[in-house]
Amino acid sequence: MERAFESAQILIEALPYIQKFQNKVSVIKIGGEVIDREELVNSFVQDVVLLQAVGINVVVVHGGGKQVERMLERLGVKTEKVQGMRVTDEQTMEVVEMVLGGIVNKDLVARINLAGGKAIGISGKDGLTLIAEPLDESGKLGAVGKVIDVNRKFIQQVIEEKIVPVIAPIGVDYKGKTYNINADLVAGALASALSAEKLVLLTDVEGVKDKDGKLISSLHAGKIKRMIDNQVISGGMVPKVNCCLEALRNGVHKTHIIDGRIPHSVLVELFTDKGMGTEIYR
Amino acid sequence: MERAFESAQILIEALPYIQKFQNKVSVIKIGGEVIDREELVNSFVQDVVLLQAVGINVVVVHGGGKQVERMLERLGVKTEKVQGMRVTDEQTMEVVEMVLGGIVNKDLVARINLAGGKAIGISGKDGLTLIAEPLDESGKLGAVGKVIDVNRKFIQQVIEEKIVPVIAPIGVDYKGKTYNINADLVAGALASALSAEKLVLLTDVEGVKDKDGKLISSLHAGKIKRMIDNQVISGGMVPKVNCCLEALRNGVHKTHIIDGRIPHSVLVELFTDKGMGTEIYR
Amino acid sequence: MERAFESAQILIEALPYIQKFQNKVSVIKIGGEVIDREELVNSFVQDVVLLQAVGINVVVVHGGGKQVERMLERLGVKTEKVQGMRVTDEQTMEVVEMVLGGIVNKDLVARINLAGGKAIGISGKDGLTLIAEPLDESGKLGAVGKVIDVNRKFIQQVIEEKIVPVIAPIGVDYKGKTYNINADLVAGALASALSAEKLVLLTDVEGVKDKDGKLISSLHAGKIKRMIDNQVISGGMVPKVNCCLEALRNGVHKTHIIDGRIPHSVLVELFTDKGMGTEIYR
Amino acid sequence: MERAFESAQILIEALPYIQKFQNKVSVIKIGGEVIDREELVNSFVQDVVLLQAVGINVVVVHGGGKQVERMLERLGVKTEKVQGMRVTDEQTMEVVEMVLGGIVNKDLVARINLAGGKAIGISGKDGLTLIAEPLDESGKLGAVGKVIDVNRKFIQQVIEEKIVPVIAPIGVDYKGKTYNINADLVAGALASALSAEKLVLLTDVEGVKDKDGKLISSLHAGKIKRMIDNQVISGGMVPKVNCCLEALRNGVHKTHIIDGRIPHSVLVELFTDKGMGTEIYR
Amino acid sequence: MERAFESAQILIEALPYIQKFQNKVSVIKIGGEVIDREELVNSFVQDVVLLQAVGINVVVVHGGGKQVERMLERLGVKTEKVQGMRVTDEQTMEVVEMVLGGIVNKDLVARINLAGGKAIGISGKDGLTLIAEPLDESGKLGAVGKVIDVNRKFIQQVIEEKIVPVIAPIGVDYKGKTYNINADLVAGALASALSAEKLVLLTDVEGVKDKDGKLISSLHAGKIKRMIDNQVISGGMVPKVNCCLEALRNGVHKTHIIDGRIPHSVLVELFTDKGMGTEIYR
Amino acid sequence: MERAFESAQILIEALPYIQKFQNKVSVIKIGGEVIDREELVNSFVQDVVLLQAVGINVVVVHGGGKQVERMLERLGVKTEKVQGMRVTDEQTMEVVEMVLGGIVNKDLVARINLAGGKAIGISGKDGLTLIAEPLDESGKLGAVGKVIDVNRKFIQQVIEEKIVPVIAPIGVDYKGKTYNINADLVAGALASALSAEKLVLLTDVEGVKDKDGKLISSLHAGKIKRMIDNQVISGGMVPKVNCCLEALRNGVHKTHIIDGRIPHSVLVELFTDKGMGTEIYR
């Protein structure tokens, strides 16, 4: 009995957050390494379904690098890396699209629907949602792309129908050429285009850390440039914080880099005062 | 941190109940004795606001016998009782209406609104919501009434505007005469008229008990007549169970008699498997 | 037969006024002394129902000082007056709220509904419609308040549902404290907030009079300050004309102070060229 | 001042009729002889505009025999009559259509619009509103037609846009051939198709009279056959009463044959207890 | 079989034009001389019905000078001409209105409806669509008028109901006086008021010609003044090009003067790259 | 010029078909062998975009056996066939899903969008559109499934938003297991669930042939059983005709088996009298 009333108490504590985010858009990016772990993807799916149930408009963007890598191996496709990015020739691109759009995306969608939510899988080709061009103009990276336009109206139609769009980071150009885009960039572009309330990036680290390796809970956007210059922020974290800065510049209210390795980290982030990981704000 | 994840777990457990009751009507009756205790009325109000926030259409019906009694005393009005019911002459009726509609109702409404909900107070005179006639045709009970018609459309307009109607148990007849109606009866009549999913009566006992004084969690409607005949159910509990039976006959799915003296009993009843008090079902 | 055609003629004469006020808001304040007289309240109710029937959006604000006074006497509550205003301690406030919100308001609402209209009673606590603070900061007047905010959206929801809001002049602050507000002020605040076409104050005098005691039909707002300075306008009429001035400043088109002691004065005011009482315009 | 209050009284008396007919359809037929008299057509137009203003859905059907006759004369077209009906050859039909659809219809429409109403002229060709076939299969009567189908949906679209359809009694068949139809028949067919509340035929007599020549106020449908057999009802009145009977059979609530020579006879009929002329009911 | 695939090819070629004009307004004027020829009016009607079917909002304006002339002759009405325009006294005006509004308009409407479209005939009196005043202030031309105001909202209501308004060039002033207006002017005024995508004038010449008599396909608005001054453009073509200029100034995108003597010239103009006749653009 | 008018003529001939199918659903299945040929998939995409543009609600279902086969080969996955159906183990299923949902589906979607249409790719996992169970209960065929339920509401939401759903024939059960379903069966199930006007199966043969090998244009459903028994219909054509029969039983109006190897065969089928291939009707 006691547990029941404790539960009631906890529900009541969630109320102000429900009221705050209701009918607003939160874009959440989940990476391939989180998707790979059954218990993590399940807790993530539950979080999404709960958020949808209480009236928060969630847009999910997923990665899937690990899953792509495994398939490339199985297919015996060899790929080269330039500056940490995989050069994506046509054959590789086909595998990327197939794995992200055909397997990872649909698996996530099915899980959300089976958990009682209502979701649809969308690649950048659906409704020409993500218009892309080569990230590197020289062509050295092949089909690695960046978002140059978002079909905001199309995504909003989906949101207004109370369906969660689950976005695969595949872009297309006006000639029909397909692009492989970093999922963080896609999440940032969507959050900007939709004037989202929140952008949440689930990673496999705790968050942004200071020079002593201590987690920073709350970080002003203005401090980031110097931290990158001083290499306090470095490696894979650099594009993530840049993506947050870009979203903030475009009107997103709050951005978060949180630890996807902890179950229900999305709910904790959205529904508690303290939150999780690092909040970057203006 | 641990507490945060426990909280997330509890929110996730609430999900199936949110999904089940969303966009459906739950009529909840709260008695004067519960309203009288600050901490109880506050937890009740939080429950209502949370239910509204997650998309459940709550209709609140309140009593207020204690509050009426105190005012009658202050005014020096003497009243007689017949079969446990207060004979309500014109002067008494004025006090009843004034206290229930002017004080108790508006206080509850203000609390819900101040807690972030959206509520409006409604007596049976608003939109002629509750049409009444004398409970006792002989006239011996004066203005003690029963509901003979509900303006369902009016209440539904309020519900569709996502406003919680808070109903004072005051009826009116087509000549403008005012009636004092038992709040349980009003709740039952409203649940019936609105084809509510649930009717919940908050009382100041644990629930219905068996002949050994043990709480019955779940009780089939078919067993009740005999329990009354055998006086296992007796006293003030009789009208309450009858009110549940009537609602069930009119298509309400589940009815509950629960202990209003325990904080958040409404949330516990709606959002846990085990529930509280006694469920009466068909 | 002749009477029939005269009637037709009169209906036709009302046409331009119906066309002019249709789908616009008229705020009408009725005082306690008019409500007290059965034949006057009845003719007023008929007027309101007719206006609603022909598509004019009426908002009714009522007073009830006389009714409050009688109840205070019955309860043996003694009150003091400062500058003509009743000092309202907590006990007095409870009586005021009870009488205005529980009796006077609901009685008016029931009459409108029984005459074929559609009305709902609203106190400032419903939907936090009227947010108040003490009129006198020193606290000398107790719970005598003034309107500092109106929940315009809430009232408009009611109006759009084609329901007449009947407003009791009870305010509330964000801590839940209740205030007694002058009904003229409430009417003025509502007319301002709703950008009403008309504000009509029913009083128990003929209207504003000139220094020779002759009724002024039409009065420019610009002349009023001097008339007050010269005490041509004095006593209870001062707050009424100030309330009109305030409403005009806030965009209300026309304001009227008319004689509520004459049956159907509202209809005559709205539906004839000459109108009644005193029109104050910019 | 007295007149003002009498006016108010009369407006109040109209209220129950406004409430009764609001949002329902009344089909009113006005003949050419009434249209011909400036003061009568003006009072009729005022009635229509008032009815529209208070929310009653009016459909006007007009004749125009006199106007046609004058034009035929001016054009020197000679026509023959068979059984009181003008044989309508192609040349005659062109004149009929031109006068009814081009002049009489548009004049009535312009008057309603200029008086503050909102009307559109519709002949049976607009939206194929009135599908016709020859009244006399032998072909002896030429283009004299009868209604065999009404495009109910088209007229209802107009009504829902709160526009008064003013109907010229011109029909068309699926080959594009034009027909001249008796306006009473058209009014009856429209009232039937629209399940009108009322069908009102304005004529140039007082109403139906009994064998002593006394006006009958209220006449049961069941008595009419015998009255025609006994020639109590005869001549031009026969098709009118038949038209009423047909409408009653098709679900129209009340039908009326009233004296169009008296100004505002429509308003008197709709807005007084006693009404005018003869009511035929089931 | 081959023909079938050629047909498919042609349909596919129409696609970009359908996409371009869908849900936009095209105002098309057809003159009396085109209406007079059965095969031309039929092909025009088919064009209109097809355009409506594929979602293009067509507004038709028709003339009818020839038809009026024939009727004036039959009636023996003599008329004088001043500067090429017929002086329109009251008797003439009646004939004009009768023929245009009663015959030509309704005939066109019936044809469109019978071909499977959905059309309604509208003269300037319907909904006071075309408010007019004398073209020549001196009064020398009588009821020859020009458009001074268009009831845009009324026409748009019709368009939104997916009905083609077929407009007779009859205007009215606020006193109810009727005016005969040049149909080109009416088309121009409507295109301007509706911010049409296209204004198409069907004439009985090929289009605008250069000084050597060669058809100009595409003509910049800026060149027209000089061409009129040099009398390269002269006679009846002058008001037509002025009408196009006026429409362009008011925001119409493209204007066209095309040869109505060629079947399906409207479809060819709208659905082929090359178009027909002369396009005048800014 | 002549060609222009011929074009106009052809557009006019398409009109009755546009009117007939507008706002109705046509389900069209395209097989992997057609998709494989660039010029055929292009003409198919043009047809779909044109149909959408003129207001016909198209639902596309695609196969992709050839594309799957190629990938299986590249991956070196060996599969067995039982009764002509590929046994689909888990590894094979992953490839099937990846190719159909990730490549074929998205390629088709991108083509439609780039041609000016508006399409979204949907697998049975999106919105749980296609609920499946094993085709063969014994489990011998592995993940080869059949449709047991369609989420009609979800597809209709997409259709109402005027988006073409492009369906990959992938089903899911309530445990999340994925199924490979024959695309003809999916098309039949969707046509049934949506009460489609038409079901069109694009194949790589001319249509159903009689015992002399001559194409049958029109075939009554009642004759099919005997033709199968007599092996006039045999091989891969049997499931196709059965799928048509099933759809007809479920209320689909017309079903068609046509030759997808001919460009624009869909347009020819829908927009000409003679049509293409074999029509099967009740």
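Note that the chains are named A, B, C, D, E and F in the order they appear, and that numbering of residues resets to 1 at the start of each chain.
Basically, a contact is a pair of C-beta atoms (placed from the backbone, for glycine too) under 8 Å apart; a residue touches a chain by one contact, two chains touch by 3 or more.
Predicted model, so just to flag it, every value in this text is computed and none were measured.
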item: Option reproducing the contacts of B-C, where over half of them reappear, out of A-B, A-F or E-F; value: A-F
item: Approximate Å spacing (C-alpha centroids) for the pair chain A, chain E; value: 56
item: Interchain centroid distance [CA atoms averaged], chain B/chain E, Å; value: 68
item: Where chain D and chain E are represented by their mean Cα positions, the distance between them in whole Å; value: 34
item: Residue list for chain C, restricted to those that touch at least two other chains; value: none
item: Going from chain D towards chain E, every chain in order around the ring; value: D, E, F, A, B, C
item: Chain A residues within the chain F interface of the complex; value: 71, 74-75, 94, 97-103, 105-107, 109-111, 113-114, 118-123, 125-128, 154, 157, 161, 163, 170, 172, 174-176, 178
item: Residue ranges of chain D in contact with chain C within the complex; value: 4-16, 18-19, 22, 43, 46-47, 49-50, 53-55, 116, 262-264, 267-268, 271-272, 274, 276
